[in-house]
Structures are given as C-alpha cells and as structure tokens.
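Below, chain A partners chain B and then partners chain C, in two separate complexes.
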Partner chain A sequence: MTSIQPDLRREPLRYRLKAFFSKPANLILLAFLIALTVLSLFPMITMLTNMFTVHAGTEKKMLRISVGSWTMNHFQMLFADREWSQANFWTPLLNSLIVASGSGLLGILIGGTVAWFITRSDLKCKKFISAVFVFPYMMPAWTLALFWTNMFQNSKVGGGVVGMMESLFGLCMPEWFVFGLFPMIMVIGLHYSPFAYLLIGGILKNMDATLEESATILKASRFTIIRRVTIPIVMPAILSTFLLIFSSGFASYTVPVFLGSATRTFTLSTKMRALIQAGYEGQGYIIAFVSILLGTLILGVNQYFTGKRKSFTTVTGKSGQVSLVKLRGANGVISAVLILLTLFFAIMPLVSFALESVIKQPGNYSFSNMTLDFWIGTEASAYETGMPDGILMNSTMWMGLFRQVGLALAVAMIVGTCGMLIGYACVRRRGSWLSQIVENLAFFPYLMPAMAFGTIYLAVATSASFKWMYGSFFLLGLVASVKFLPFASRSGVNSMMQIAPEIEEAATIFGVPWVARMRRILFPIQKSAIISGYLLPVINVMREVALFTLLVPYPRYLLTTMLFSFNETGYAQYGSAVTLLIILIIIAINTLVNKLTGASFDKGIGG
Partner chain B sequence: MKRLLSLILALTFVLSFAMTASAETVEEALQAASTMTNEELYALAQQEAAAGATLNFYSTTSFAEKAAANFMEAYPALAGKVVYAEIDDGETYSKLTNQIGSGVKDSPDMALVQNGPDLKVNLLDEGLSYNYFPAALADVVPEAYQNPTVVTFINSLMIYNNKEGSVGVNNVWQLVEPEWAGKVFFKDPTNETVNLNFLIMLTSPEWTEKMAAAYEAYYGKAWESTEFESASYQWIDGFLKNVNYTFTSASKIASGIAQGSAGNMGIFVFSKLRKVDENDRPNLTVLQFENDVNCFSGFMYNVYATVCSDTDCPYTCALFINWLLSEEGFGGPKSWNSSQGYYSPNTTINKPEGLEDQAYTYWADKLVFEDLDYIDGLGENYGPIYRFINVRVSK
Partner chain C sequence: MPQIILEHVNKRFDKFVAVDDLNLVIEDRGFVTLLGPSGCGKTTTLRMIAGLETPTSGRILIDGVPVYDSEKGINLPPNKRDIGFLFQNYALWPHMTVYQNIAFGLEMLKWDKKKIEARVDEMLKLLKIEQFVKRYPAELSGGQQQRVAIARTLAPSPRVLFMDEPLSNLDAKLRGEMRTELKRLHTDTNSTFVYVTHDQLEAMTLSTQVCLMETGVLQQYAPPLEIYNKPANIFVASFVGNPTMNFIPAKVKKIDRATVDLEMLGKTAQFVSSANIIRLGEDALVGVRPEFLPIREGGKLSASIYSTLPAGMETTVKASCGDTMLTSVVFGSVDYAVDAQVNMDVVGSSIVLFDKKTNRNVGVGTLTID
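== the complex of A and B ==
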C-alpha cells in the first residue's frame, strides 16, 4: 500500500494563482500587459524587419529583386552614399536638432518670463494675460505656421505673394524670417511657451518664498536673487520643460512642411514622409527608428532630471506670504507689451484665417475682393477653384468632419476607459513588477514622434497578414488610442492615487462587487478627473495630422488631412476655412470640458 | 412589332445575365465588357448597383469629380453609385497596392492615375489591376494609348509673369543661367512623378541629341563631355539649381506667379490657369504662344484608367471608362475639355472654340512626351538617374 503525498510545491502555487486572479487589479494588469506588448512591440518588430526588406514601387524598380527580399541597400544608400546621405539624413537631422533646441530655448524664455511676471510681480491684467497666453497651446501648432506665412510672406521672398504685413503696413521681411529654420523655431517655441509657462509657473507659485525673502533681508539685489535663488530652484523644471519641448520640436512634422518647403529646409520628420512618398519606404523606416531612439534618449534624460527635482522639493515648504516684486513705472509698459503679444498670437490667427477664407486674391483685403463662395458657394456661384462648392455645402467636407468627430469620440471612449483602468490597477498594485511594466508600456508611445508612430503602424498594415486594416477607420482608431494612452494612463494613476484604498476595502468587506465599487464609489469621487481623461483625447484627435497622414485611405478622408491636402495643393481659402472650423471646434470642446469639470489650462497659476 | 421588341429586350437581358454568370473573374468581365454596347453595360451596371456595389474611384485629377457627376446624370439609375476621392500623385501606388485585395470597406474599384511606368510595374504586372479598353473605339484612339488606356493627356508649360514685358526665352539653356536663380518655379520632382519622368525623359538618346543641338545653338559651340554624362544631365543640374520650390502645387505656382514678381516663370500644369483670379490672369503669358523655344516649352503626360482586380462592379467601371472616352464624357459641362490643357486620346474630340489652347497635335514637336517604354526599359539605370535628381532637389 502506497500513501499519496500532497505536492507541497504545487499547492501554494495554485493558491497563489487563485489569490492573484481573484483581484480585479491583477486581471486588468495582465490584460493590458498582453495588449500593450502586442500593440507596442509587435509594430516595432515589423518596422525593424521593414528596414531590411524590398518594397513595391521605387525600391523594386531600382533593385530589380522581388518584393519582400532581404536587402542592406536601404542602409547603404542612407549612410554610405555620401551625397545622398548628406541630403537625406545628416542635413535633415541637423535641422531637426537646431529647430528642437531653438524652440526649447525660446519656449522657456517666453514662458518662463511670463510665468515669473504672473507669479512674482504685481503685473497688471494678470488674469487676462494668463487666460489668453495659453491659447496658442490649445491651437494646433500648424495653425500658427499658416498664420506666420499669411502674415509675413511678401513680394520680396519666395514667389512674391503679398501677405498681411506688406498689404497693410508695406513691411517686407527677409526670406530667413519668412521661411526656413527661424520661423520654425519661432512658431514651435511660441506654441510651446504656454507649456513652459504652466510648468515653470506651477513651480514658482508653489516655491518657498522665504528663501527669496531671506535673500532680500540679506540685501541681495533683485538680479542676484533671481540668479542665485529663483533660477536654481526652478532649474530642474526648466531642464525638464526644455527637454519636453525639444522632443516635441524634434518630432514636429506639419510646421516644417508649411515653413520649410519653400527653402528646401527638410527636417527628419519631413524627410521621412518624403522618402516614403517617393517609394523609399525602407529608408523612411530607418529614419523612424532613429527618431524613436532619440525620443527615448531625450525622455530618459528628462526622467533623470525629473528624478533630481525630488531632492529640491525636500527643501521647500509653503510660505504663507509671497511678496510680489513691484514693477513701478515699468508695469504699464510690460503689461501692454504682454497683452499685445498674447493678442497677436492668440486672437490674430483667428482673424487672419477668417479673412483669408473670404478673399479671392491673396493680399487684397478690400471689400470688393471678398466672397463667401468658399464657405457657402453652390455649383452655380462657386468660385472656380476646382472644388464643386463651398466647404459648408460640400459632402466630402461633412463626411471628413463626421469621421473626425466619430474617431475622436471612439478614441476618447477607449483611451478614457483604458487610462482609468490602468490607473486603478497600477495604484492598487503599486510597487509590483507587473504594475511597473504596464505603467511603462502605456507610456512607451509617448517616446515616439507621431509621424514615426504612424509609420510603424503603416508597416504592420501593409504586411500580408494585416492588409485588411490598411486605410480602415479601425486602424486610425487603434493607432490614435495607443498613441494618446500615455496622458490618460498618467492622469488615471494620478487621480486614483488620491483615493485611499480603505474606501474600496470597506465596500469589499460588505461584499460589494468590483463593478459596483467602481461605479458607485470610485467614479463619483474622481468624476472631474475621469471626465477630463475622456475629453482630452477628443481635442488631441481633432487636431492631429502627422499621426494620420500616412494611414488615411485618401487625403480628404479626415478633416485635418483634408486641410493638409488643401494647403499642399493650393486651395488656400478652403484651407483657411477648414482651419478656422477646427479651431472653433477645439475651443468649443475645451469650453465644454471647463464647464463640465471646472478645469482650465491655467488654473492655479493665473492671477 | 411590339412582340418583336419585347423579344429583343428579353433576349438582351437573358444574354446579359448569361454573360454576367459566365464572367467569373474581373478580368473576364472586362474582356466581355469591351465588346458590349453602352446600353448593355448600363443594364449590367444597374444589376451591380442593385446588388449593393458602389464604384469608388481614386483620381489624381480633380476634374474627374465633375465627370462622375455628369456620368450619373447621364445614367440616372446609377445616381449616388459613383464616389470620387482625390489622391496625391506621390502616394498613389503605395495606397493602391495596399488597398487592392485588402477587403477594406470602400477600397477603390478603379483609379485614374498618372505615371505609366509605375502603373505597369506596381499594378498591371502584379495582377492588382486590369486594363479595359472598349473595342468600339479602337479605330479612333491610337493603339499606343489603348493598353494601358489613356483617358486624357495633360500638359505642363512654361508660363511667366509679364508685368515687365517678355522674358525673351527662346532656348532652354537660358534657364540654367545665373540670372534665373530663384525665378523659375517647378514642383518638387521627387514628390510629383510626372515632373520626375519629364527630367528622366531628357536623358533618352532622342532628347540628349536635341539638348546638345540646343546647347550648340545657344553657346555657339558643340557640347563637350565635362563632369556630366551628357548635355541633358548638365541642363538638369543647372535647371534644378535655379528652381524655386516655394509653391508646393501647380495651383499655387499658377496663382503665385500671377500675383508675384515680374519675370518669374513656372513650368506647371496649363489647366491650372483656371484657378488664377480673373484680375491676375492677364499677368500670365504662355511662352510657346509668344515664340518657339529651342528645344521644348514644357512636357506632356498621360492619365490612365485602370480597374482594380477586386472590384465588385467591373461593368460599371467599363461604362464609366467608355463615358470618359466619349464626346459627352470628356466634353461635358465643366469637364476636361472645357478647360485648356486637357486633350482626349479620342481623335474625334477636338478642343472647343474660344479657349486659349491648341489641338493635341500642335504640341507634338514642342513638348517632351512621357514614354512609358523608355522609362520602364531603364532597368538598373533608373536608380542612378533618380539619385542624380534627388540629391540636387534636396540641396
């Protein structure tokens, strides 16, 4: 007779597994681990293989070998052929680095200065400046680029088309001011300066003012205080902000297209698309890979600096009183300059687009040159520009708008829900390896420039097994959901961190099921943050171009890609009309978010 | 008589059904369609529409939208069943090769495309699309334009701003002189393949010889081998150095030159003059209408119709192509023939009176014509020529 011995090694594992799967947070983390691995790593692997294979079109025509064959030709051309390499890789890379650095510095200079005036001085009209200053950040960056050309193009540069400045004031700016690296830096820098304002302003607002006050008591000059006390304290925030703007500037696609085409100023993003469009897909994928590597490096450096900032926060405490610097006689002048500057870049673009959408001849702003045909023209009255009617009468435009809004809502539902679930699960399992991996995987798409991210999904959708996805609404929804997940997951983690676990535990003891706990307890407590998590992706999708440009079945499929197509093909008035429409929709959504959640961009800083 | 008519009608329908049933593949359906009358095709197209098919077509020329609208007016049972989408030239073949056979909803059933060599290599040779040409037009469309089927020719001409009088260009070698730096406008050839093909065509033996002759006429001495392979390569190098790429589309070039500085010149699609504001239009002069240019004053390229291999409405596609090749289709209200710069391969269709244009034959010895066979036959030599152009455009 043999006795059966229990397997002591297996029993605990079974119990451990049972215990593991009995917790909803673990199930959620496991599901997202699988999903995010597939959605992030699989496209990366596909893209890597595409760097070594022959594609249909130009590559096949040049290499005369069958599609899908392995080749090193893409690397040889891009790096070994000196002239080609210079034109298609090194010069665009240098331009990208210049634009990224310049816009980072400019953004910090403008945003930081305004932040200091708002938080540390007795500046007049603070509330107005603070509210209007963040406006360019709400608008897509490319709208500022279009505004720049509308304003400054003139008879002395490019093709000699007259812009508003020359038309109204006879002012002709030189070519370097209108096209090329300088306007790219200006536009991206101005677009992200509110971002710098929000980050640096937040630090300045919460900074321990006693440090500055102590320096004042010790008779240090105002300049010395700024140099020796204020700047060192906000330095980690400045560096972090610089790197985030640098990263966005480096990845920028639409701004270099609008401002660089005339002078052949390519950046890595514009060259990536140009190469893919010309049929050099393999080389395009290599550039996408380089961009991702650089993005990862930049974010790594940023995390290093962000980590260092923690050491600074230990020395801060909240001072009850902040003594504001008195600007005295300069107050009026500085306020006026800031008001003018903010109005110019916040309100003037809207005026400019409205005007450009109703004039027949660019540069002629007389009443006799105006028409509403570009908006409401019918076949009989439409201005002869190739479009059969005005945009509000055009079914293609309405379909584009319908798809864009539909996509925005679908993505918002997916991203908002996933972000909240990831936030819940990561917070409940804080410190576990699973939680860390999922949180990092969810943040991974943030490292990739939008154009590069679109490119890797293009690689997947053009592979034999996934062709059914190519050009589909599903693909656009999928790629946007993964790309915009980082913000939602971070927001989810932050909001869930504010809820003590005891509240949920109490409900668990009373046997309340998980769904009911979420619906009846956690959601109501964090309603405002959760609604924001759902609505922010709507704004992101409504203004996105670079992510979708390679993936839409045809250029007029979405409103933003339609606009891009209008501007590339010369339908300038239609382009301005659609731009204005997009900005107004974004403002309307933002207002809705504010009304529903009470949140606003500048809350906590302004005035 | 009535009974006879009913019998004929019934027979037509039975035959049509029989043909549909026997046409198992798209290729076979198109083969069958090529010998049918428009009435027969219309009947079959209605059946396709009744079965839920919609003809989605991509086109690089926006006029096709109006042609489709006119088509649906002419065949009212197909109203709403032809859907147009404009596509950029540069991405035409990557979009089509990926969408044909993908099964994605609303993927194209046919396309009107430019750049014949890419059409051949990427679609026709791969079996992703088929050619369709109606046998009834075999006598009025030259054989060279039947496979692949050309639906329209488009020309790009040298056109300049005349605000300060004539630019006095009568030899293409003038355009490589330093005084033209930044004053000649041309769409980026690496983004627009027909522009690229125009430059590639100049490297052909025929055009190399003509370019050398023009060189001799302009400089008074024979072209000698320098750092360039031929006179054509030297001209391309000098020309691209002078090109101003401010405007990214032909429409922008047209309007930009009309509103811009005096003496600026562009090589752009002639038909885009319609997009220039009527007040600016007098500022433009077509160089060829002023004087002959040694050795060309622009170039001519083809727009082809091709039917996707996965279409569920091959007879509707065939009927639509017939329409585009017909007098009514090509010359309908606000359609191709109502504008200058479009020419039908159907030799019975002439340009209407009153347009500032000439017949297709007028341009035969004045423009560089795209030759599908030359470009396709370049083989391994295509790469070096493309590289030569690309690095000069990117600088």
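== the complex of A and C ==
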C-alpha cells in the first residue's frame, strides 16, 4: 500500500509539469521571468548595496577605509551635513519637483486647449495644426532646449554668446528667462504638450457627444458643460497625463543640463551625474534610489486615479454627429495664432540648427560669416573652426553614428522580439500569476528615470565580477533593451489582445505547430503593430542621451553623447550640426514607419 | 400647448440627402414614432427638431414658435426649445451619482435645494429606482441606467419628450417591460412624445401616429392600425407586420370602377375595392397579410408545405403555391409534415392591391378566387 501512495502523488505533478511545458506560452513566460529578474532585480540589489559601500577614489581618500567596506557615511553626508545636504539634495529635489509639476501643468494647458479646439470646435486648418503640433514630440526634448538657448542667449547672461533674438532684434532676455527653472519648464512642457494633446484629444474624440448634448438640452450653458461635464469626465485622463509628464520631467536629464549648467541650477538627475563624476558614487546611488521611489509612487498614484469606480468608460454612441462649437469671428485669429505657434516650435528649431551650424562667429547671421566647414571642412580650415574637419569628414563622427545606428538596430531586434513574445505569452495566459509577474517585471524599468537606470548598471559594471562589461557595446545594448522593453511589451500585449484566441485555436486544431502559427497567422494579422514595435526602439535609441552618458567608454563613442561633449566644450556649431543630423535621421525613420504601417502619431484626432 | 410643425425640412451632408422635403405635424400630446430602417433619416429628423442638428433648409415650429427658419435665419439652440431628450445610450454622466444626474437639469433651472430634492425623490419613486440614488452609472445594470436616464429627462417636466431608440440597448424581456412603462408615462406626464425606432412592433404598440420613412423620404404618416391595414405603398406594407405581408403577382384583366378581374396563381380572381380604382397598370401585386391566408380544407388555393414554425401561441406556415411562396399564420400550435398538400383561402376585407410599376396602393377590399 505504502509503495503506491508516493506514486499517486508524484504522477499528477509530472503530468502537470508536462502539460505546463507543452504550452509555448508557459515556456516563454518562464524564460522571461528568469531573465527579467536577473536584469532588473539584480542591478537593483547591486545599487542598494552600493549605497552602503565605499568606492575607490574620492570616497576612499576621504573616509580612509578600504574599498568595498560598509559605511553609512553616504547617508550622513547627504542628509546630515546641512550645507552639503541643501546644495546636493534638497535644492535639486525642489528644483526637480518645480520643473516636473510646472511642465506637467504647462503641457496639459497647451495640449488640452489644442485638443479641445481640434475636437470640439469648428477651427480652421485642423488637419494641418494637428499634424504640425505633434511634430516636436518626435524630436528629442533636448533639441528644444538647444533651440531655446540658440534663440534667447545673449551677451548679458551665461557665457555671453549672442543668440538669434539679440542678433536680429536686439532683444536681451533676462537670465531667468534664458537659463534655469523657467526655460526648463517651458521646454519640457512644450515638448510633452503633444503627448497631452494625443491623450486628451483621444478621449475627447471618443467621448460620447451625447453626454454633452444631454446637458445642453437640460439648459446648461457652454461654460457650465465644460466645467461640470467635460472636465470631470476627462479628469482621470488629465490627471494621469499630468503624472506621466511629471515623471518624465522629473527624470529629464538632458534639458536641465542644457538649460541649467550656465547658472549651476541642478535637478536630481543632473546632480546624480555630477556627484558620480565627482567621485561621490554612494550619494549618487542614493539619489538614484530616491528617484526610483518617487517614480514608483507617481505610478501608484496614477493607478489609483485611473482605477476609481466612477472612472471613465467609453460608451460608444452616435458621437459621429457631434455638433461643433462655432468660434465665429475668433476662428481666424485662433487658428492663425495656433498655426504660427506650432510652426514656430516645429520648423524654427530645424532652421535654427541649420543656421547655427554654418556660422563662424556665433550671433552674426550675415552671409559673409557663413561657412560649410563645420559640415564638410577639411584639415585646411582647422584653424578657423578649431576642429580638424567638418562632421561629415570626421571619422569619429561616422564611427559614433555607425555605433548609434548599430545599437539602435540591435536593441530594436531584441526589444521588438521580446515585446511581441511577452505580449503573446501574457495574453494567452492572462490571469495566471506568472503572466502577471512577467508583465509587471517588464514594466518595472519604466519606473526608473533613465539616469538612475544608467547609474544602476554602472554600479554593476564597476563591480569586480562584471568589470569586463564596463564601457562595452554589449552593456549599452543590454541597458537600452531593458529600459525600452516596457513600451514594447505594453504594445505587444495590446496588439495580441486584439486577436481572439479562437483564431489561433482554429489553426491548432489543424495541427499547425506553434512556430508556424506565429509566423503564418498571428504576425501577419498584427503586422503593422509589430513593425512599429520594432521601429519605435530605433527612434528611442537614436535620441537617447541620459541612459548612455554614464556608460559610454568615452564621450565621443556615440553620436548623442558626442553632441553633449561638443556642447560642454563650446563647439556649438558642431553641436547644432549633429543635432540636425539626428533629427533628420529620426524624421526619416518615422516617415518609414508611417509608410510601412500607415500609422501616424496624431491619427484619428485631427479632423 | 405644444404642436410641432415641420415644413419642407431638408438635411444634406455634403451630397448625401439625409432628409428630403419633410412635412409633418405632430399633434399636442401625441405619441409619434419615427419609424424606418437604419439610415432612413429618422434620427436626423429627431435631432433637427431638438436643435442638435441644423437643417439645410425649411422651417420648424414648436408650439407656434419658429425654432428654425432657414429664410429668416432663426435657429434656437436646444436649451431654448423646452424639450427633453432621451438618448439611445442613455448618456448618463459617469462622474455623477444617480441623484446628481437627475438633479442636474433642475439646478440649471435654478430651483432651490428643497424643491430639487423633492422632485428627484418623486422621479425616483415614479421609476422605482430609490435604492440606487447614491450609485454611479457604472454600477447599474442596463435597465436601471435606462430608468435613471428617463428620470433625468422627465425631471424638469419638458412638454415635449424626444427619444432616440431608447430601448434598443436592452434585452428582449426588459424591452417589453419598459415599453409598457413608457406608454403609461405618456399618459401620466401629459406631454408630447416623439420616438425614434427601427422596431415596427414598438412603433405599432406605443404610438398614436407612425411616421414611416425611407432614405430620407416620408412614406406614410398615419395611426398604426391604418399603416397596418392601409399601407400607402409596398415599402410600408413590407416594413410593418411580422411575418411580412404576402405579395402575390397578378395580371390585370379588366377594371370596372371598384372591381378588378385578376389572373393570379394560375386562377382567375375578382378584387372588389371600397372605392373606385384608378392608376392601375397591367401588372399588380395583391397584398395579403398572413392572418388573412388561412389553411383550411376546401380552400381554393392548393399548396405544398415548405416549413412550419410553431411558436406556441401561433404557428407560421410557409407553403409554395406553384412558383409563389406564401406565408400563413395559424392560431395555436399545428405541425405539418414537409411537402404535405394543403388548401388555403384568402379572407377578410383588408386585402391590398398595389400597382407593380408605381409600388402604390390602389385599393383595399376583398378578394374572391374562382
């Protein structure tokens, strides 16, 4: 009797395991569970321990204890030392919070207003405004920052370089307008306003017009309707948009670097890097940890708001028959202002970079001051430009571009494939604890500001057992893959949700093997979603700076980090040239995406 | 008292004509149904009367006041028309509780709080939704949401109530219940109802007048039974009534005032109309409602059973008579074997004769088959 019992217990388990592994979705989930745990939790733990250990260099010299020994000194210094604490933690934190909330409000104000005009009024030239308005969102945020300095810097502030406004109109803006928190808020807010426009506009567009019409019939005025009906209904969306812009603004590194360096205005991200570069790694890691905590908190708040019981649910009705608000006389003025503003922020940066990249003496826009040396100059003109040759003639630049493109393609391959597989597996096993864990793990890197994420991997790469990784192309690829996975896995899940399981099951009944089912049925159906899943990471990598800046072996290793070194060393023309190059590449990729998938950023909102 | 008049109302979306030269008088305290297949312009008509849509041309008067006049440039917004509107998808505000939803319109009228409370209570009782007063719409079932929507619409006591397919999102059983209640509400509230539906049964059972439309053109505007018994044309005859009327092709042999000699189903027949017959060509269609085509022994028409669909209370029988498929409804449950031979008769005085070319009704009367 006793010999049978263990068998009885063992058999079901064996069968259960066999059944479990016979489903490809389970295998995929298990593989990702292991990989993602290692790739996000392990660095996290490394970072945590680094907050309490002594690093070589400044820390060792200061503390006079051996590298790697435990210490609470980083915390003491960052929080207990009053002056140091104020300068290196509290002020940057406050600045970050001001920039984040300011840009969140600004982004919503601009994006929401435009969204309302486009979806709810009879504004002229809607299609044009909508298309041009979202354009700046494609460009990296720092291009707008660079544009801002190009426009407004003047002889009285910062390095005293003459900008366009001064040169053309003799306009000298005060320092607070050119550098510091105000321009940071303006730039980040403007950069993310298309994002707010897309989210709020999407909801306004889908929101049933009868909700507003029924209020009209009950004799509510237009203003009352906006206040009592429209805004409360889109409020959860507005809040979550605010929080997303807030967290992006909080994590932003490049914009504060461009606009804060001149006045030494630090945010947490720029402080993090400054501390690490100054040899205070431990404190840098603490700041990274604080940023991650805040990111998590913000996302939690977001989930709370979007999950409430009176939350907005789309009820499809006859909303095609929405009656648009007539702007009457104001129509021409409002559309003209919007067109001018959108054109200014979409087209002017390109013009400005093109101009800045061909003038010898900054601030002098006369024709005699122009040269193409910064683009195609050779050794002969080195004396005038201060560099051996123009960027198109420079092998370092080409190597940087080559590496960046290579990195982008490699990351796209990895991220696109992983996102799709995660999407497939999570949707097929929806509701199981495994799929929930994997989905959350894949989303986890989103919570971490890019700078903090780079910091974590720096901590790993500088640890003894992973020294070989430091400064390698492999490390950059790995970091970028993990960091950009959240978007890919989200879009993978969303696109797979559209396919009813019966479609795959019908093939399973015919005995079609899994690989063939994927290749012949699921991929073709979701072709455009999958293509954009592969192409989005390309754009992300092409414009990423913060993630790579700590991890590249030397600043000119990649095109984007090279741009920063140009800027720090004062070669503004080269910086502008490289920026223009990057923007053009991104536009080219985006056009390719549109052509291949027929999807555009503002699809379905404008007109 | 509100009487609604539409004069030469047109609505075009670009080149597509949604409503074509519509003339309509909706009597005070009537229950008028705008009936028709989807895309026939009925919702557009309703929205134009309510002011949610602007006609391309024409004139609309509510209670003698022109609310829209293309020539004089008058176009009152919906909130100035003193109306109520019940939307197909209820359009309840998801961020307000049931109470807030119902009270909103009263707040807009600047009622004082006590009065609002009393009125909301009254509405809650009337629609039997007192227990949901603190809930949000998302927490209610479809039927409950529907009741809240009705309460919200009725609260300010509009003198005209517009309803756009209000029952189409409910399941069959609830739809039946709400139908009864709507009819009851109509008497209780003493107001004019204008109701859009594509369900002919709803139109038949609820309304005092049915306005049947097709592709933007008014087909017939009459009380439901008149529509049923004296359809103006073949479209109306086939749209109203379930199962559909039989249309039996016939050759016209001789017309003599109110009498027509016909050749149909391989037999000769005589149609006697209640009035003189004019505008009838060579080809005609004889319209016979299924209930006027009983199956009985000794019937003049012989047919073979195609299929039998017993529904308990009545049975629908399809039988072929030569090349023509005929539908008959028999009271009670009967079952016929497939291909069984039966005899049928045409009875009653509500047989309709249509001209095949113009599709028009040329006479209603009796048919005797020789």
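A few notes on this one:
Just so we're on the same page, the second predicted complex is superposed on the first by the 586 of 607 C-alpha atoms of A that agree within 3 Å, B and C clash if a C-alpha of one lies under 4 Å from a C-alpha of the other, contacts with A are read in each partner's own complex, and residues count from 1 in each chain.
Heads up, the rule we're going with is that contacts are C-beta pairs under 8 Å (C-beta built on N, C-alpha and C of every residue); 3 or more make two chains touch, one makes a residue touch a chain.
In this text, all values refer to a predicted model and were calculated from it rather than measured experimentally.
Residue contacts after overlaying the shared chain place A:Glu213 against chain C, while chain B stays out of touching range. More chain A residues lie in contact with B than with the other chain of the pair chain B and chain C.
Contacts of A:Thr569 after superposition on the shared chain: chain B is touched, whereas chain C is not. Once the two complexes are overlaid on the shared chain, A:Lys61 sits against chain B while remaining clear of chain C. When both complexes are overlaid on chain A, the residue A:Leu596 reaches neither chain B nor chain C.
Those residues of chain A lying in contact with chain C across their complex are 208, 210-211, 213-221, 224, 228-229, 232-233, 235, 309-313, 315-318, 321, 323.
On the side of chain C, the complex with chain A involves touching residues 43, 47, 50, 52-54, 77-79, 83-85, 87-91, 93-96, 104-105, 108-109, 136, 138-139, 152, 156, 164. By the touch rule above, chain A contacts chain B in their complex via residues 56-58, 60-64, 81, 83-84, 86-88, 91, 155, 158-162, 179, 261-264, 266, 274, 276-279, 281, 360-363, 384-388, 461-462, 467-472, 553-557, 565, 568-572. The part of chain B that touches chain A in the complex is made up of residues 58, 62, 65-66, 69, 85-88, 90-91, 93-95, 97-99, 101-107, 117-118, 121-122, 126, 185, 188, 190-191, 244-257, 259-261, 264, 274-275, 277, 279-280, 379-380, 382-383, 386-387, 390-391, 393-395.
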